[in-house]
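Common to both upcoming complexes is chain A, partnered first by chain B, then by chain C.
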Partner chain A sequence: MRTPSWVPLVYVGPAAAVMAAACLYPLISGIQLGFFDWSMGTPWADAHWVGLRHFRTAFADPAVWSSLRVTLLFAFVCVTAEMSLGIALALLLEAPARAMAFFRSMFILPMMIAPIAVGLTWRYLFDAQFGFVNAILQHVGMAPHAWLADPSLSFIAIVVSDIWQWTPFVLIMMLAALASVDGSVLEASRIDGATWWQMTWRVKLPMVAHVIAITLLMRVIDAFRVLEVIYILTFGGPGDATEILSLHIYKAAFVSQNLGSAAAISVLLLAVVALLSCVALRFSNPLKQEKM
Partner chain B sequence: MRRSPLLIGLHYTALVILACLCVAPIALIFVTSLRNQTQIFGEPLNLLFTPTLENYRAVLGEDNFARYLGNSLIVGVVSTALTLLLGCMAAYGLARFRFPGRTAVAYATLMLRTVPLAVLALPVFMIWSRWNMVNSLSGLILLYVAVNLPFTIWLLYGFVIQIPIELEEAAALDGCGPIGIFYKVFLPLIRPGLAAAAIFTFRIAWNEFILALVLTDRGTRTLPVATSLYITDIGVDWGKIMALGSLIAIPPLIFTLVAARQIITGLTAGAVKG
Partner chain C sequence: MQRREFVKLAGLSVFAAGLPISSSHAQDRFAKYKGTSLVLSIPSHPHYEAMIRLLPQFTALTGIKVELDKMQMLRMRDKQLLEMSKPQGDYDLISYIATWKTEYVDKNLLRELAPFFKNPQLSDTGYDMADMVPAYVENIGLVGGEKGYLSGPGARLYGVPYGAETSILAYRRDVFSQYDLKVPQTYDELHKLLYVIKDKARIGALTSRGQAGHQCLQAWLLHLNPLGGKVFDYKSGVFSPVFNDDNGVKALRFLQDVVQTGPVGIPSYGQGEMMTAFLEGQAAMYLDATAIFGPVRDKTRSRISDKVGYVVHPKGSRYSSEAGGLGLAIPRNSKNAEAAFLLLQWLTSKEQDKAVCRAGGSPSRVSTIADPAMTRQFPEFAVLREQIKYIDPDWRPMIPVWDAIVDQALGVGISNALIGASSPAAALNGEIPKVLEIMRSAGYKA
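Let's look at the complex of A and B:
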């Protein structure tokens, strides 16, 4: 079937134009801003080239390093907990059960609800004076804590909220993956006398390793993108104990109006996420799948 | 293999506990929204209280509530419609034609899927100011369409490549033009993908509040932005904020209950072969 060369343009052009104008162009401008001195409200013509100055300032700033440390720790703790919990739960719950559709829809609720509601709920639960967590602690005779006013406890609070929201994602992915495992392979290993433990580690998990890898990468990328829940829950506080890079960028841009710094740190965050995305594409690339 | 009743009982117990853990914090938003100030502050664990609608009355009685709700609905519905329209055209074009620049567009789209919104906020604000689109609903809609297109295109792409090309060739032989093939053969076949894409796009457009906070003002605020403004330096007005939070949560709740299967399709797309 011969198609004129303008036909693909009609189909792909509009979407490409919108993404170029409202996503790619802002990204490039943002990176460009990292190399210029410019302040909000002045014409772009007044901006002047400052080379790597913003990057040097940013990397000399202990607040940026502290934010980077918080981000890496947050991503590491959350993703490790979510992956291990999610995989373990999927292995325990994979057997067919009635009303599984109902349970699955309960599990996706935390991901569908507005981040603002998630942030508020946990802020309410962890409230020092009338929060549920303290009320329960006191009920069982333990001392209450000022959760969101203590640096390490507030870090625990943001980790708990993320684990609550995203462990179900890993669970759903793993349940889908385990369901797609070829039953005859499992049957064969059972006939050969494999125990549940052996079947899990030697047969099932290796067969879904690909899904584990892509789920892990998706979770890591998303952990670097978290912003809204933490904005509501702690706004980075107390001090900068929970100020992840996204929030640091937001504050630099819109609170302290340090635009060059915001742009420089944005480049850093973009580089991390882009690198992870490239790795993810090696595992799951829709362009390659079609050739199978 | 038959499992013992004990094992089955444990299985269901575990499922129920997990479901409760997922639902309880959300239920708490609704419960708190039905309490008055004294109940919220005085007796957090007491679940036997007389529910009151005073928070809802206060929130719905705010001067601008109708406007914020209207803004949210316009932004949510228009962004979703535009994203679906442009997204399924692009998915079809990428899957069915080989043309110069195809790989470049494809990879750019795949990479844009993971851009952190925090990184976009400042440059978008700069550019929208230049284009006079700050504080306008169309500016917010344009941005939401752009950030949702990458996911939508690749979700739908997965559906398009599964449709045998012979189906379209047969339609063409019967005298159906390219536009006719698109609407009569192709669209009906990717409906599950469209449903998933619609829910995910609406979810972002309806829930998102950081970009909306930056890009809107009194007249164009969406509901999540209005909600976040109840958090002040003095404290949080819990009753009202939970009432607004509950109202915002209604559409995603409904989607989850009626279209869980499509949502799971969207979540697992690309990683797990259905």
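Let's look at the complex of A and C:
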């Protein structure tokens, strides 16, 4: 018996309604806010229409471009390091040995910690006077540094904290993907005399390429959304050396009380992330694997 | 009986008859609100940690329960704005930073307090508002006047100081004694000491805030005011930025020297890190808010409890110490405004002002600071008695867009100067256009 075409809609409908309420409505409200001048604590009826003024101002604001540059650099460095480390760790830990199960559990822990706690922990670790990082450096005969007081070093600090927290995400995605690789293909390549490196590079990784693409996409999107850790670690300083776009938006909204401007910059951020996602999907196309 | 004797006897009789009435009036004041629950928004701050210890007494006395919503200080504003803008919010009483008062009143979010104080059913006849440090009341509680945030025509009371602060110089008596150093009375003396302490004592000279934004701005203002500077020059309704004049540059140059000679990492220091550096013995001096009093005495937090002396904030071209800190106010949408007023009045009463000091908080009343028993227990009050003469209520412009100016302009420029990314003059000059843009967008003549 053929299923009527409206049946799938019935099943998908409730979930779609929830998605519309939880995602679409705030998105549309946010975009709408970008066209108004409104301050928190005043009635919405007092908001007044300013058209494209906030968008024009955002395009012309050097602080926005500076934040975007910092964000792009942060995302590039973090995602590259996390993907490389995550894949390497997954290849190392995929063996079914008992000890490996313990190490897998330990490596995943950072991902489970709330970002605020991560920020606080690393703030203390990088403290110039009392921090563990400087204690280690002094122990090995190196000079301590004012990690959070130097523009270059503070950037390194936020990158290190992000890599520490999110490499485990790449790790578990890759472990799951590697576990699903057909063992008979690997056996066949082993019989054919392939080395470990050849098996990894020519067999395993191509077979999990679609998972790598999805993981890469998710990490890129998340890297653009980071806020809590940088808020705690540096608050965008020193100067504006670590002020990424999400923090800039936060400050515009909740410190300067300029919600319309913050909404306009959010829309620009959304456009940048959407563009990068499309580029990533275009080149990797995870669905191509499924169709084949 | 002679007429004089009769009058005296009559007066005594009336007084004696009134005694049970006055104490029962106090109980009558609270009776109506017994069983009420109040929600109070407070920051994570030493003064409010001390207040928490006093609240059970209030509940035992009045039957009014108090729930607390404690947050990081600078985060309170978002939550308070959200709650206070609802038709009926969750907060009955809020603690707020002085600079937020004009924004809150501008948005019609707070209740004026005069009607409460005039209400005989609620007010405590022994409260004595005049006993509050006048500069604290003006800086934290009054909205109106010519500039919109001080006393003057149309000024009204919307808040009462609670956790108010001024600035003071704390120093390590042992370090000064060991190296035979003179405690600085002027900025010239203080400046010379910075390098002397760094070279001789091999610890940081003066600890300071320095993190980008509000923190470094606060640090710069501490020196700007006594050195004769101001952020704006105000004449006939026009605010003209003057922070880039010689005094502004001098203050920023001084702060750069503090960074050079202070504990390592000042450009990343917030208030907590600044205090910790002093309490852990990493710096010989502390020049900032009087909130340091309690933590210095607390042996669980301080390694230097018995080694600290205090003097007034050094003089530049003038004496001018900070006016700031926290106050209490009643939201317009409070569900229990009258009960909230009773709590506000109780917390800021003469008796509780002393009690909160004993618990580790800061005084808001002249009588507390001048009390001999309090001065015996807290010797720093002897210096504070002198310091409160020099508090400048107009220490910073508390206009509604002040936070935007700090966040988007001055807080970035000053931070850049502290890390050597620009010279003091270039850093300040570079922020003039942005400050003017913010002021004009908000409708100010600038």
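By definition in this document, the second predicted complex is superposed on the first by the 241 of 292 C-alpha atoms of A that agree within 3 Å, B and C clash if a C-alpha of one lies under 4 Å from a C-alpha of the other, contacts with A are read in each partner's own complex, and residues count from 1 in each chain.
Criterion: a contact is a pair of C-beta atoms (placed from the backbone, for glycine too) under 8 Å apart; a residue touches a chain by one contact, two chains touch by 3 or more.
Note that the structure is predicted; figures quoted are calculated from it, not measured.
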item: Superposition-derived comparison: chain B or chain C, residues of chain A touched; value: B
item: First, second, both or neither for A:P144, with chain B first and chain C second; value: second
item: Partner chain(s) touched by A:I191 [first = chain B, second = chain C, both, neither]; value: neither
item: Partner chain(s) touched by A:S105 [first = chain B, second = chain C, both, neither]; value: first
item: First (chain B), second (chain C), both or neither touched by A:S39; value: second
item: Which superposed partner A:F254 touches (first chain B, second chain C, both, neither); value: both
item: First, second, both or neither for A:L281, with chain B first and chain C second; value: first
item: First, second, both or neither for A:Q129, with chain B first and chain C second; value: both
item: Where chain A meets both chain C and chain B, residue numbers; value: 40, 129-130, 254
item: Of all residues in chain B, those that touch chain A in their complex; value: 1, 3, 11-12, 14-15, 18-19, 21-23, 25-26, 28-29, 32, 40-42, 44-45, 86-87, 89-90, 92-95, 97, 99, 102-103, 105-127, 130, 142-143, 145-147, 149-150, 153-154, 157-158, 161, 169, 172, 178, 203, 206-210, 214, 224, 227-228, 231, 236, 238, 241-242, 245, 248-249, 252-253, 255-257, 260-261, 263-264, 267-268, 270-274
item: In the complex, chain A residues that touch chain B; value: 1, 3, 5, 7-12, 14-16, 18-19, 21-27, 29-30, 33, 40, 44, 89, 92-93, 95, 97, 101, 103-118, 120-125, 129-132, 135-136, 139, 164, 168-169, 172-173, 176-177, 180, 190, 210-211, 214-215, 218, 221, 224-225, 227-228, 231-232, 245-247, 249-250, 253-254, 259, 262-263, 266, 269-270, 273-274, 276-277, 280-281, 284-287, 289-290
item: Interface residues, chain A side, partner chain C - complex; value: 39-43, 63, 127-130, 144, 146-151, 154, 234-241, 251-252, 254-258
item: Touching residues on chain C, where the partner in the complex is chain A; value: 77-78, 81-82, 84-85, 103-104, 107, 109, 210-213, 263-268, 273, 277, 280, 282, 401, 403-404, 406-408, 412, 415-416, 418-419, 421
